[in-house]
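Chain lettering (A, B and C) follows the sequence in which the chains are written, and residue indices restart at 1 in each chain.
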Amino acid sequence: MLLTRLKAGGPAIAKQGILVAFILFMIVFSLASDRFLSMDNVMSVLRQSAIIGVMALGVTVVVIGGNLDLSVGSMLSFATVLVVDLHDKIGPEMAIPVMVFATLCLGAINGFLIGFLRLNSLIVTLGMLSAIQGLVLIYSGGQNVDIVDQSGTWFRFFGRGAILGIATPIIIFALLALIIHVVMSMTPFGRKVYAVGGNPTASVFSGIPRSRVVFATYLISALCVAVAAIILGSRVMGSQNNVGQGYELQVLAAVILGGTSLLGGSGSIIRTVLGVLMLAFIQNGLILMGQPYYTQWLVTWAVIIIAVWLDVAAKRGRLFSPIA
Amino acid sequence: MSRRITSLLATSAAIALAGAANADTVRIGITQNNVGIDSYQTTYERAFIEAADANDDVEVIVLDAGGDVARQISQMQDLIQQQVDAIIIWPTDGQALVPAVRNAHRAGIPVVVTNSNIAEAGLEFIAAFSGPNNIQQGIYSAEMMCEALDGEGQIVQVTGMPGYTTAIERQQGFDDRLAELCPDVVQLDIQPGDWNRERAQRTMETFLTRFDNIDGVYSGDDNMGVGALNAAIDAGRAEGMVFIGATNFAVGYDAMARGEYWGSVYQSPVDDARAALQTALDVLAGEDVPLLNYFDTPKITQDNMDEFDRPVF
Amino acid sequence: MSTTNATTPGPAAAPLRWLMRNPIWGFVLIIFVFFSLATDHFFDIRNFQNIMVQTSTIGLIALGMTLVMINGNIDLSVGATLALAAAFAVDVQSWAMFATWGNWQIFPAVCAALLVGIALGALNGFIVWKTGVDAFIVTLGAMLGIRGLVFVYTGESSFYAMNFAYSDFSALSIGPLPVLALIFLACTLAVHLLLSRTVHGRNAYAVGGNREAAINAGIRVGPHMMVNFMIIGFLAALSGVLLSTQMGAATPNLGRDYELWVITAVVLGGTKLTGGKGDIIGTFGGVLAIGILRNGMNLMQVPAFYVYVILGSILIAVLFLDKQFNRRTQGGLRL
């Protein structure tokens, strides 16, 4: 039955499968807990999702370009430890640019190896995941870093401040999402990323500098990590060496949930934002319902597969794969 | 850092060259749980190496399991194979290391367990245990909680990384003692903070939206406790809320000095490391060492914090 | 490949050419010599036994991963599968219905564990087959979900085996070879023969090389891929069982990040993520390389922080060298 519906007027709705699923979840959770849709809770979930959200924006660009970035988790640890540690040593006004530059350098290494040397992105960023984790530990000597004067520094604005009652992390996330959305959908650069990811060989023939485009996607990803690190460092006013461990998978799950194809060439920033919010609300909703933490892993399993399945099904116009 | 490398290279070169030239020197191997995951473990490692360097008769082989049980078993095998004189182990899991410890015992190498104890089935294969008592730390925390709340109130708990012995024991000691000592203190919910301040902050934010009345928060350590405190401050609800941790960190000590944090349990990684090395040396010297050597982990609160140095981690 | 460096046809050229095609074995040779010279305790039969036992965990899964990756798929859920299988292997022994079985109680427990692995593999494979969703996504979901099942099942604490016979099994050896290493070697041989001598093996390359052509040639691609997922599920479970015999216990966090190490080993061995290329000889080399590096760095006391950097850099360096040796391969960017 679903099959026929998909064939008929279905695709338009099925293409928005993630949106439908998102709304369904919101309804279920709001019925199960009267606090779920309270202003406080929604704001708190949005604020919590900002860090993963900002990183997911960058990773979406990389994935649209036909590659993966698994190094973002370690990179987040690196950037956060660096900015927090330097905050007390050289002041926030110097710490931030130094950290952004260092993080961009790591992104440039990724971009060089994958864009120019054409090495496999999964393996390169896997190697970087391990190498950067080591770098963080060597840098800090394994110690936690903290900002001593927590209430006196303007650095607290990024993670704990607010503008017109809306928490700064939410505003940063929204602004960055808007900017990258515009870049990806309305500029020549954005079109090139889609072209490179969609058909790398053809894009070279049509004169697109593939290497440079891929390189740039990794710089964008690193820049997003740097922004996420500022929010994280400011929110926590300290950092551990493994603070970003495992974030790469949450980020990737959000991007995938947003319907961005791992084959490259398709995907949208707005839908990644939906994916991020959906994961955050699932996590929050289940805890509000009093479920143990591991329930969210089981639910995420089902949600990822069903959401992507519907997405794929809508594209090919039939529910099941034609492969025998 | 670089100094440490050179010294390590020097020691390994010395081992390679000298072999067993100096018969009086004892070689002790240590395999740790997960250095770098938090400052406690890093400080422990540093203190251990310093203590060993200070003693000319000791050579140490320092390894880290990175939180992985299988890797720790491999490291036990590697140490047995190198025929060290004694092995110190900080088990990643109290239960799963029993056979590895048994193998060392069979190979005639005395094993000293440090920081977090091995399961009961393994006690017959170890020479001694030295370290704090995680269950006791949970118990102390429960007693402080009861005292701070006058035996009545609603609390939430933020635990460490699920599935690891330390987290389980600190929760167990707290839960049992709390139910026994002040049954009118109700635990609303228990969720993990993964030894991570940011995750603890997130967990606490959700608690705050979920429950209108939270009188107290118990955390597996102060690092997470301060994350919970931050969340409560941001929500404007920290006033009058009692924060208690099971292990004192510098951030917790500072928050206590500011009057925002109620109390914690003082546990020194430096003492922990020195005690482990000393226990191993005593065992090797043939002294009569008691099986369980718990060192004292006193309660630290705003009232008595002057008696303690600020933790270095 | 052989055309690129077949310059001097002679008796010495053959092994050299073989090494050029399998650069990982050259690397294994280099680190082997290096550690033998650099540390006292490396070159020792007991240490080699240790290395073989230590590599068997990652190695068994890597065999399955090679099959799956030659198909052009990937399996990220193996670490969680390993943990769930280990939990079953340890827990089922203590079920009341087997209480009177003595040491035979281990038998149904191990069977249950292996069945769990096969079933989870079948589930992954079936979803990949029927939905057409990329295996990366399917198994990324499963990696989270199966870990959730582990926590549901164990209630987040460790299980342990009352019966010491279970953990004694891991200490057995036949001649100079520890039993665990022997099982690993036997499986390596079996999968090698499966891949190089059977129709299923030939089909694996065909499916990964050109899926359209494979379908046209009448290969039932869906069931074929599902079988490979069942094989990797079985091997992950077997690995979990063997690991639990070393521990006499099962912990809920067992096998975390193993998928990354397994993929690393397989890629070091020259299998391409794009599918259609790779073999067990290479994978065996990749597994040994990681095992020797880990063991050697332990013996040399390289500080843990530096081990991360070294392993990460080596992975990228080998990938780069492999690219230089195999210039003709292209399009390695795609998944």
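In the analysis below, contacts are C-beta pairs under 8 Å (C-beta built on N, C-alpha and C of every residue); 3 or more make two chains touch, one makes a residue touch a chain.
Remember, it's a predicted structure, so these values are computed and weren't measured experimentally.
Peer 1: Counting C-beta pairs in contact, which comes out ahead: B-C or A-B?
Peer 2: Pair with the higher count of C-beta contacts: B-C.
Peer 1: Taking each chain's centre as the mean of its C-alpha atoms, give the chain farthest from subunit C.
Peer 2: Relative to subunit C, the chain with the farthest C-alpha centre is B.
Peer 1: In whole angstrom, what separates the CA-based centres of subunit A and subunit C?
Peer 2: The separation of the two C-alpha centroids amounts to 30 Å.
Peer 1: Using Cα averages as centroids, what's the distance between subunit B and subunit C in whole Å?
Peer 2: 33
Peer 1: Would you mind listing the residues of subunit A that make contact with two or more other chains?
Peer 2: Answer for subunit A, listing residues that touch two or more other chains: 137-138, 142, 294.
Peer 1: Which residues of subunit C are in contact with two or more other chains?
Peer 2: 151, 156, 304-306
Peer 1: Could you list which residues of subunit B touch at least two other chains?
Peer 2: Those would be 35-36, 162.
Peer 1: Could you please specify the touching residues of subunit A with respect to subunit B in the complex?
Peer 2: 33, 35, 38, 40-41, 44, 47-48, 51, 137-138, 141-144, 146, 148, 160, 232, 235-238, 240-243, 284, 287-288, 290, 293-294
Peer 1: Would you pull the subunit C residues touching subunit A in the complex into a rising list?
Peer 2: 127, 129-134, 136-138, 140-149, 151-152, 156, 215, 220-222, 260, 263-264, 267, 273, 304-316, 319-320, 323, 330-335
Peer 1: Along subunit C, where are the residues that touch subunit B in the complex?
Peer 2: Those in contact with subunit B are residues 38-41, 44, 46-47, 50, 53-54, 57, 151, 154, 156-160, 167, 170-171, 243, 246-254, 256-257, 294-295, 298-301, 303-306.
Peer 1: Under the definition above, what is the set of subunit B residues touching subunit A in their complex?
Peer 2: The contact residues of subunit B facing subunit A are 1, 35-39, 41-43, 45-46, 162, 189, 191-192, 195-198, 201-203, 205-206, 208-210, 223, 226-227, 230, 234, 249-251, 254, 313.
Peer 1: For the complex, which residues does subunit A have touching subunit C?
Peer 2: 66-68, 113-114, 117-124, 126-135, 137-138, 142, 200-201, 214, 249, 252-253, 256, 261-264, 292, 294-298, 300-302, 304-305, 308-309, 312-313, 316, 320-324
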